[in-house]
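Here subunit A shows up in two complexes: once beside subunit B, once beside subunit C.
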Partner chain A sequence: MMSNNGVNFAPFWHNGPAPGSFYNFPQNNIKSNSAIDEYGFQRNGGPITTGTSIVGVKYDKGVIIAGDKLVSYGNLARYHNVDRVFKINENIILGMSGDYADFQFIKQYIDEIILSDFSADDRIVLKPKDLYTWLTRVLYNRRSRFNPLWLDMVVGGMQGEEPFLGHINIRGRSYTNDVISTGYGTHLALPLLREYSEKGPLNEETAQQLIQKSMEVLFYRDCRGYPKYSQANINANGVTVSDHEVKQNWDLALSIKGY
Partner chain B sequence: MSSIGTGYDLSASQFSPDGRVFQVEYAMKAAEISGTAIGLRGKDGCILAVEKVITSKLHEPDSGRRIFTIENSIGMVICGLITDGRAIVNYALKEAQNYRREYGQTIPLKILNERLSSLFHAYTLYSAVRPYGICIILTTWTEQNGAEMYCIEPSGVSFGYYGCATGKAKQAAKTEIEKLKLNTLTARELLNEGAKIIYRVNEDSSDSDTKFKLELSWVGKDTNGIHQICPVNLYEEAKAAATAAMEQGDSDVE
Partner chain C sequence: MTGITTDTRVLCHYMRQECINHKHSYDRNHPVGRLINLLKLKMQVCTQRYDRRPYGVGLLVAGYDDQGPHIYQTCPSANFYDCKAMAIDCNLSDLINHGVRALTGTLPNETKLNNKNLSICVVGKNYKFHCLDENELEKYIIAEIVGTQPTSSASDSSEVGVGRTERHGEEQSSTLNPQDPTPVESATEDRRMQ
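Right after this comes the complex of A and B.
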């Protein structure tokens, strides 16, 4: 000890990364691309700043997509009031969950497509199915290079007169359905949504109520949830993106004992 | 051009003894034989108006357009060889895209003008290429800088303008534009003025019996800085104002 002039060189921190290596995000135990590349660099291919579940519901005349306004950094509620549901053009709405940086990256390209659509001025515009297919190819291409875009996206919109709702996951796998959810929503919201959607087509009002209920459940049960959420509604009248908040009731907290 | 045909006009990289580059002058000629195009810059926006000559009865009137949009806020009209123009439009689109990827915003018109001018100029420097046979007018409107307008000539020279004209009746159009109080007029009002000028200069020209279609576009405060082909109702209104003004003019003469 005296050789250190009496200073104690204990480790700076515990359970953290060794010097020179990465912090391991709690949910992030799958490390893609973690092998050392030809230059000796190691990269973390997993998600860093993430958005949680997205919920999408198709009703008889349109589609609603909702997602809360939180972007997390691991377990930390890092960025509040961030939009994760977007109007892409007059025909398309999009919700994202997964790595927010990866989304910003792909959103740039989507915006370029929309701009060049406008420049062409040929009355041909991107429709939801076009974007859905395109995203499928991009995400599948990236997974095939072992460097996936860490995204789970929900595309909705009006394909002409018909409402459209589709889901694309990190590996480029995709499907369309009447009700779609990502992340924890697949466990928490989907059973609820299916219970109603399987009875037949929903109308706008019940779809709206279902979304509201789903966001409420997700806020209570998902630790990365947030009471504020935004929702995009698209139908023949156009797109509206609006902000909402879960009406919280913590009365039941009093009845929880024993922790 | 006394030295035409003396061999000094074969290459863009050779001066004539009296200090001119004939290839560039030919390019300007090419730009000047096409239908007149004008750009007007008012207090809250710009408009572009073109006399699109329809060379055959069999052509669709909407085809072969002369006004283009770069991204969503910049208007470009081409005067001269349409195909050269389309190449420039593609280049401008790419340039705007590069700028957006780098800086995350629409390319300022000043920058786009510089880059396109450089391209035009580069094509006057080498014997292996020919200059572009077009003049272009660029317009935009932004909250920050207000209305802006530039015109680039085949030589690569470019200026900012309040009002400019290129093409067949460029002189007549310039005279008409000078009569306007441009900085007091709105883009909405300029649409009518633009239409009037195009109709007037067509009437006065020697080949007034050739068919043409008026193309009109605007960008300004009213369009939220979006450059768009003038909506049908405003287009019809402008056209009506133009024909009315012509009849008025005719009766004045009598």
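Right after this comes the complex of A and C.
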């Protein structure tokens, strides 16, 4: 953690017991990448409370990231007023999908970075590419220890004058693009987004409409989807996080025999 | 740097390590002020522990980042000074000439500046960190020798050079303006004309 201000003092002894925690006597068969810590053996076995897709679109002057407001507990639609899109600082917005607990864990570290930027008070602010690279390094590191943070994240924002949009996945693979999607969005929304973004540059209005359409498709077709979604829009004027709802049309149902 | 060279090696290695780690984690160059803070802490620790001695080094750290150009001076006491040298409407060669003249003033009488005891490094906007090589150094050393020849215009020029920076001292922060160094002769001529 950063609380030491980057100064580490030499420990008093090595390879011995740490005061207050369990001490494992030296054994020959402990592998270096095992996840043994002071609470015993723990490893990420899979996501528990999950968020589904996130959709991100870069337009000429900014970025929009949207995701529905549902966090599921397996098949149960457990928490349905949860924002999965966040403002990090004036330059950065972040959307998460995957295990919500893992995200809360990493969000603490991100908040620490932002706080230490604020308390350094030297007008240096974190930019989206910085956070994007940092998250890649963290997620890749965890994957390399076979103990991943079960997350797919979308980082967007203003890198100086230019909009920035990037995706980091559970294995620490990252890439930047004009349109990004995670989870089921890759199958359902991304083809739609790519078709429109490749036609020509988007402006804010067309980007909004694209997002709206994608969220509609995702609600209809993703079984873990939800009609309410939140959206973060960042441009030179700042960040706005707003709530929206998909306009549902179930008239089709009336034409189904036996309905 | 001035002082114990081996201590400098340790500090330089530390700073390089920090910079490269920062670049790896954040894909950006380490902001100069933050790097200096880390260095400051490192140097302060050994002034407070009974079993350590201070780093016997005085450093002049110059850098350029998003916030602009920076110059920091460090002491073994771990006091750090954020310095500003102001110049307006000054191109790179003028600044370097000024610096070389300042250095000759610090030398004992018999010693002259030559390319063995002088090194000049430049960093700035769109200007990667660059140490001047022997040929470029020769130009400035010759300019300095020519400038100190006892003619009245030369002494005027030195006053004008100093005056210029003092007059505009309060106004703008320094900008290293990386135009190509103008040919030596015309640079000294310009100053004489004023």
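We adopt the following convention: the second predicted complex is superposed on the first by the 212 of 259 C-alpha atoms of A that agree within 3 Å, B and C clash if a C-alpha of one lies under 4 Å from a C-alpha of the other, contacts with A are read in each partner's own complex, and residues count from 1 in each chain.
We adopt the following convention: contacts are C-beta pairs under 8 Å (C-beta built on N, C-alpha and C of every residue); 3 or more make two chains touch, one makes a residue touch a chain.
Source: prediction; values computed, not measured.
**Student:** Which holds for A:Tyr175: it touches subunit B only (first), subunit C only (second), both, or neither?
**Tutor:** Neither: A:Tyr175 stays clear of subunit B and subunit C.
**Student:** Should A:Asp121 be classified as contacting the first partner (subunit B), the second (subunit C), both, or neither?
**Tutor:** In the superposed model, A:Asp121 contacts subunit B only, not subunit C.
**Student:** In the overlay, work out which of subunit B or subunit C sits against more residues of subunit A.
**Tutor:** The partner that reaches more residues of subunit A in the superposed model: C.
**Student:** Thinking of the overlay built on chain A, is A:Asn5 touched by subunit B (first), by subunit C (second), by both, or by neither?
**Tutor:** second
**Student:** Regarding the shared-chain residue A:Tyr73, is it in contact with subunit B (first), subunit C (second), both, or neither?
**Tutor:** Neither partner.
**Student:** Which of the two partners, first being subunit B and second being subunit C, lies in contact with A:Lys129: first, second, both, or neither?
**Tutor:** second
**Student:** Kindly classify A:Gln108 by the partners it touches after superposition: subunit B alone (first), subunit C alone (second), both, or neither?
**Tutor:** The answer is first: A:Gln108 touches subunit B but not subunit C.
**Student:** Counting only touches as set out at the top, which of subunit B and subunit C does A:Arg137 meet: first, second, both, neither?
**Tutor:** In the superposed model, A:Arg137 contacts subunit C only, not subunit B.
**Student:** Please report the subunit A residues shared by its interface with subunit B and its interface with subunit C.
**Tutor:** Shared contact residues on subunit A (touching subunit B in one complex, subunit C in the other): none at all.
**Student:** Which part of subunit B faces subunit A closely enough to touch in the complex?
**Tutor:** Within the complex, subunit B touches subunit A at residues 68-72, 93, 97, 100-101, 229.
**Student:** Tell me, which parts of subunit A touch subunit C in their complex?
**Tutor:** Going by the criterion above, the answer is residues 5-7, 9, 120, 122-124, 127, 129-130, 132-134, 137.
**Student:** In the complex, go through subunit A and note every residue touching subunit B.
**Tutor:** Where subunit A meets subunit B, its residues are 108, 112, 115-116, 118-119, 121.
**Student:** For the complex, which residues does subunit C have touching subunit A?
**Tutor:** Subunit C residues touching subunit A: 24-28, 31, 33-34, 37-38, 41-42, 45, 66-67.
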